[in-house]
Every structure is written in structure tokens, then in C-alpha cells.
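Everything on this sheet refers to the single structure shown next.
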Amino acid sequence: MTLKMDVGALHVFLREAFPQVADDFKVDAVGENTITMRLRVDDRHLRPGGTVSGPSMFALADVAAYLVILAHIGPQALAVTTNCSIDFMRKPAAGVDMICEGRLLKLGRALAVTDVLIFSEGEAAPVARANLTYSIPPAAISVG
Amino acid sequence: MTLKMDVGALHVFLREAFPQVADDFKVDAVGENTITMRLRVDDRHLRPGGTVSGPSMFALADVAAYLVILAHIGPQALAVTTNCSIDFMRKPAAGVDMICEGRLLKLGRALAVTDVLIFSEGEAAPVARANLTYSIPPAAISVG
Amino acid sequence: MTLKMDVGALHVFLREAFPQVADDFKVDAVGENTITMRLRVDDRHLRPGGTVSGPSMFALADVAAYLVILAHIGPQALAVTTNCSIDFMRKPAAGVDMICEGRLLKLGRALAVTDVLIFSEGEAAPVARANLTYSIPPAAISVG
Amino acid sequence: MTLKMDVGALHVFLREAFPQVADDFKVDAVGENTITMRLRVDDRHLRPGGTVSGPSMFALADVAAYLVILAHIGPQALAVTTNCSIDFMRKPAAGVDMICEGRLLKLGRALAVTDVLIFSEGEAAPVARANLTYSIPPAAISVG
């Protein structure tokens, strides 16, 4: 499947659609059914002790799932998360970005299913895993 | 089971342990195996169009699960979320707080299981549902 | 919302659509957005030690979710489970049926969201909890 | 990490611990943090129309998660599933086995986290994905 949006187009979309959080995230790479993103960790993402907060990791997983879908269907601000299940497995390392590796497992007429692994940059063992389902508005796929 | 922390004690704990977000949340009521909390919705919780963001609802569910557990075991900053599954079902109403009704379904030696329903204040149909599991440090239950 | 199927109609549907498993399950009650079902526990549902197996509890949750949806939209064999998250919290009691209390939380155009609690009959503490999402074929709601 | 059980040892364990279902499953391969299993699809796993049932896929995911953990800690019949989230994404193909690719993402003191993809044999697109958490009895890791 040809990608409809590359890294640059995803960044433009992110800035227009989600100006409040666009600076938090960066797409490192996008390809067929895959995406690599990072959360630029900042004080506002931390809990006491220097740990990245759960909601910040949820947000990273959510935006990675969203953007890997949009890369395949084009800019559709109306796609919405319907379900996310997330496991927090290890304490994030302090002082480094968080990296998210996402996969598009299904792109259906109405639902898209993704999963992600989240790492502290430079570490091999994942900090968290998540799966997310998005509902896609009816016209999105055919219009693309 | 006697509660080990009431609404006042939970607010004190929240302010000490999570000063960055303590102002976002308020415990309306806590009882045996139940809690009612609210997210004081502010611009920083919103997406374009005035919708409360997914990560903000995740954060509300997470703090409600945490505090209903602490109400039963006492202040244990080391309890951590291990799993959350959340369904986003309806668009939140604009301009009102979000209310979260939480239940403590299991308080085990090592794991506590909770579920929550999230509503826009004044609406009967839930906006989101979630279940969360917390890992409890070994000494927490007996020490209380 | 008026129910489109009562207990008797649900049993007829179950026997026609799922003859292999219809004898395993019984609807005790169905009402607006709620259902009570039981798994008639038999040797084939057990693991060594007399514990009801995880797949048997999953099956009970799944059929309860399915039937509470059908009670509201009419017999639609094509509705399919898209997601289930289940927590196993306690060991089931031996030698008794398992009871499932299900709720219909959302009945949308394309998706229905439910949650359930599963008990050993006669016990107050839940053995398992689950949430399930079903995808509903396009014509189902309006046709009813 | 050295494996404590190979394919042969896992089959022996499965037959002793779960005699009712041991014939349903076969371990094709096990390695560091990975397992490949199959469900030998039989009439009792099918729904009308020849589709493999949801509970049968849940059972496959559950046993794959269990066995990849045991391969790393040794035979521990007391490890129990605490959580599973599963997405059903595509209709299984008729008349072929189901293949499950499992990963061990975390092996902690008390909890092990896994995820799996399930395929119809010979198909590239996954039919289902799942993540499962197991609770491990206290002595299991050190004893091994």
C-alpha cells in the first residue's frame, strides 16, 4: 500500500490539528504498516522521581497509532480512538526521550487496529506495550 | 473494611505526591470499594473543538483507581499501574467537568483491580469506561 | 428502549445459531441494558483441581455481551466481537454454576460496548470482570 | 536467558497438567522470548459457517503465553492468567490450523507480560492479536 503521508506531511498535520501537543512529539520514521515516534520528554511529562507519567505514555501510544493510520488513509482529523489497552512493564529511564514503535495490524472499512512498544531511548527492554483501535469515518478510506 | 483515608486525607496525599496535577482533580466522595472524582476541565485538557482529550480521561481513570485503593490500604506512593484498558464511547460535553465513578473489585496481596465509568457532569450516558490493575508493594497491605 | 427479544426469544436464537454450545448457557433475566446469564458448569469446562477454565469464562462473557445487544436490536447473527479485555481476579468455587451480570453501556450505529462481572453462584466477590465490544452490521440497528 | 524447557518438555507438561486439551495444541518452536504454537482445528472449535470460535482463539493465545513463560521458568502449574485483552480483526480461513506467534515481553518477580499474533495457517494478515499477563507464584523464578 502506498503511503499517503510522509514524515513531513504528518508533522504539518500534527501541528495544525493538535497545536497544544505538537511540540511534544516527533515522527522519526514511517513506512508500510510501521511508525517510529518519540516523546521529547520534558518536566511536564514527569512524576516525582523523574519517571515519565502514565498519561504521557498513553498519549505517545495514541498519537503513534493515529499517525500510522493517517499515513495510510490521508489526513482525517475525525478518526477517533475507541479502545486502548496498555501494560506498564518497567520504570522508564530518567533523562532520555521515549521511543515508540507502532504497527498497523488491520486497516478495515470502519476500524483500524494497531499495537505499539514503548522504550526509553537506548534501552532494549520495553517500558510499555499498548494496542489501540481507531474508528474511521465512513468516507475516509475511499477518499483517502 | 474500614477506610484508612477519607476525602481530606486523599487530597493531602494527592497534593504531596503529585503536586503537578493535584489541582486538576477533586475527590467528591469515597466509601467502601467506591470513589467519585472529578476532573476540573481546563483549556489544557482540551482538543480542538472543545473535546476533553483521551490522555486527560486516562489520567482521571488512573487517579481514581489509585485513590480508591489507597483509601483502603493507606498512603502507598509506590503502588503502580500495571494495566489499563479503556473504551471511549461518546464525545464529552463541552464546558463541564468530567465525573468518574470508580469501584474496587479486588484488593489482593499483590494486585488490586478496579473499574471506572466516566461521565460529562449532568449526563446519564457514560463517555468512557476503563479497568485498571495496580501492583501493590509487598508490605503495603499488612502495614496499612 | 423497548426490548426486541425476551428470555424465550434469546434461548430460541441461541439454539439455532450456536447449537454446539446452547446447552452450556442459560439466560436468567434480561432487561433494559442488563442481562443475567449462567454457565451450567460441566466437566468439559473444568481444569484439573475443579477450577472453571479461562476460555469457559471468556465464552460466558462473550455470549452475555452478544445476547444483551441482540435483546436491543433483534436477532443479528452477524454481529461479531471485535475486542475483549478480561481480568481473572479470584479462583472460582467448585461445583457451582457461574453467574454473569452484563451491562450494555453503548449501542451505537457501528459499535456496541458492554461490560460484565462473573461470579461463582452464591458468592459476593466477583471471579472475573470483562468488557467486550461488538461490531454491528450496518443494517442491524434500523432494521431491528 | 537459557531455556528451562524445550518443545518436548512443554508437550509432556501440557499432557500432564491439561489432559483435556493437550491434543488441541502443538508447540512448533520455542526460543528466547518467543514461541510458535498451533491449534489443530477440529469441529469442536468451529462456529456455524466454519469459523474458529472466539473462545478457541482465546484458549490458543492463553496456552501460548503460558508455555513461553514456563519455557523460561520451568514447569509451574500455579502460574495463572490475570489479564487478557484480545482483538478479533479478520475472519479465520476455513479448514486450516491456526498459528500463534507469542513473545515474552517481561518476566518479572511477580508478573509476566506477553503478546501474541494469531494467523490462519498460510495467511499473512493476522486474524487476532492478544496480550496476556500471568501472575507467577513467589518461589517460581528463583526455584526455576
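Think of it as A, B, C and D in the order they're written, each chain with its own count starting at 1.
Rule of thumb we're sticking to: a residue touches a chain if its C-beta (ideal position, glycine included) is under 8 Å from a C-beta of that chain, and two chains touch if they have at least 3 such contacts.
Fair warning: this is a prediction, and the values are worked out from it, not measured in the lab.
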| item | value |
| --- | --- |
| Shared chain contacts [chain C and chain D, defined touch] | A, B |
| Third chains touching both chain D and chain B | A, C |
| Chain whose mean Cα position lies farthest from chain C | A |
| Euclidean distance of C-alpha centroids - chain A vs chain D, Å | 28 |
| Centroid spacing, where centroids are CA-atom means, of chain A and chain C in whole angstrom | 33 |
| Mean-CA-position distance for chain B and chain A (Å) | 24 |
| Overlap residues in chain B, where contacts from two or more other chains coincide | 82-83, 85, 87, 89, 133 |
| In the complex, chain C residues that touch chain D | 17-20, 44, 46-48, 53-56, 58-59, 62, 80-89 |
| Interface residues, chain D side, partner chain B - complex | 82-83, 85, 110-111, 133, 135 |
| Chain D-facing residues of chain A, complex | 85, 87, 89-90, 105-106, 108, 113, 115, 117, 125-126, 129, 131, 133 |
